[in-house]
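The chains carry the letters A, B and C, assigned in the order they are written, with residues numbered from 1 in each.
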């Protein structure tokens, strides 16, 4: 079956247990680490400039998320991204709230210049990076992912990177191929840092699959199915979060393939 | 019905989805962000001196919590509070553990001088700010909120700010009007940072209501009802936390008004 | 009954409500604070160099965990450990990921020189401190705790400290006495920072019991029983975490003693 490659990549994460180095924001650390563990990956959070490059070199992938920035963290992000790139390790950027402040925007431009393998953001963030209209409000998106689709395709082609725009429908593109992932559930936006954790999951998948557009699409497709199933029995955002971890940890490949709504 | 204004304010938070800028402690970030989302607000955690003032200006309210302090964070707190004040945005201070160390006390005095709209603390913290007897033990209160009531009223009048003292009964006062909120549940003190998250919720309410004493009372009243309902089916602090978020996200106004135990 | 002393120590934690000062990593803060509260202790997270020593002196025990390091935190760790030692307060070290980077290893050597009362780590970490073979992969152990047992005994004797190596079986030793604790559940490794939270719990027990080998063994034995019970009804790592806190908070001493699998 055509969609079975998604489940195959998920199984590969579970088997290989990749070490995913995260330099992520304080709010996202707990759920990112727990989502990576639930997916079968091995998370580590290491942010000091003194060791970030060393750690990036021994990891299978690097995830950089600018949610809660400060200058010493930016230095570590630059050092780690440079080390990852030089070592041929994939790295993923989550440009949280880019456009909201000058500091944030400048930091993202520095990081984009270091050629992330994948950029995962909401529509406002992707539009902001592309210099297009559609300003963000804080860290939540004001634009929808459809409006960002064409912009993402151009941006991916220009930068030579994979762009993943998440929203009601997620789009993953390298400028030529574009995957659309439907599904998921509105409760995913009622729990803090689920988007950040999605980026971490993309890191786990790209650690085991060199085709970055397929890796990102598989990660987001897997999370969308887990989110949909988790929401079915949830009484609200508290229980949804618990169920999301339970569901991802126990999701079987047949269910994943059957429920996946991924189109090219 | 006289108490219906509390539910009306809660509905206003849900409708307006205010952007609440938090500079809060590491332990409180997750539950604060999730409680704000469950209440319908839009949380952001931004603490770098490079962007804190910028972000305070675009937010609807600012919440500063000194739980896990360090000098660079204090600089950002001062910058953000100054920016909020100058922009006419309300801001709320949570003086966690004031009195426990000299650093903590000095920081609170600097922040109080910047005229917070509301100060939310436990009895020990409020007594400490007022220079009264009743020293804290770490971050948990040794005094009860009744003992702090009169002190809070004087302090509110002296500082021209609203003081919210939380405990078995919460008191919210501007020195002239004093609201008492009963209810809640002891399990609220068995989950870390519920008090900090209460302060964040006060920020969401004061973002949509300029009468700060009513905003703080409504936030604490709403949380007390949610806590009481959540505790009913909880098997301990783990499930209580989950249920608190579920309950707040689904709390209807009729239930809130019916169960609210707020007196003037 | 011979094993009843474990439950007696747990009751002592509940009665005395010790103030446990944590300088711990960002990922572990939430679960550590909540586990300490569930056990009846009073957690505080204080990491600024400006106040860490002051706070260590007023606390009943100090826990230092190097999971997410940075230079200013190392300075605070050294200041706090020195203050604790000078004040005769017990302190516990969790050397997360020691051996993974030079910065991490150097930091652990500085801290070990300050004579922690107890070191709690996984097998890879204990082997790394002892200079033995068995390198870690990120922060998860590659060695099993059996292989580290003899090394731990020698290390404990050499350093004059208690070593607790956790794994499928936990070993706690001062070089002469060695306790083995079986039980627990594999789900404990599927939730981030449960090991770190175990170290925090060791801090709570050593705050109320001066025989550090018994304190560490009792803490790990209590957690193993709670973990085992919590796993029984868990649907995955999300619900396991919730149930672990519920179980610990409500664990009665008869059940603890009956289910404890501790041998000397």
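The rule we apply is simple: a contact is a pair of C-beta atoms (placed from the backbone, for glycine too) under 8 Å apart; a residue touches a chain by one contact, two chains touch by 3 or more.
Because the structure is predicted, anything quoted here is derived from the model rather than measured.
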Classification of the chain B:chain C interface as same or different, half of numbers criterion: different
Cα-superposition angle relating the copies chain C and chain A, to nearest 5°: 120
Chain B-chain C separation of Cα centroids, rounded to whole Å: 32
Residues of chain A engaged with two or more neighbouring chains: 26, 30, 241-242
Touch list for chain C against partner chain A, complex: 25-27, 30-31, 67-71, 97, 100-104, 137-140, 190-193, 234-239, 241-242
Chain B-touching residues of chain C, taken from the complex the two chains share: 19, 21, 26, 29-30, 33-34, 37-38, 42-51, 54-55, 58-59, 72, 241-250
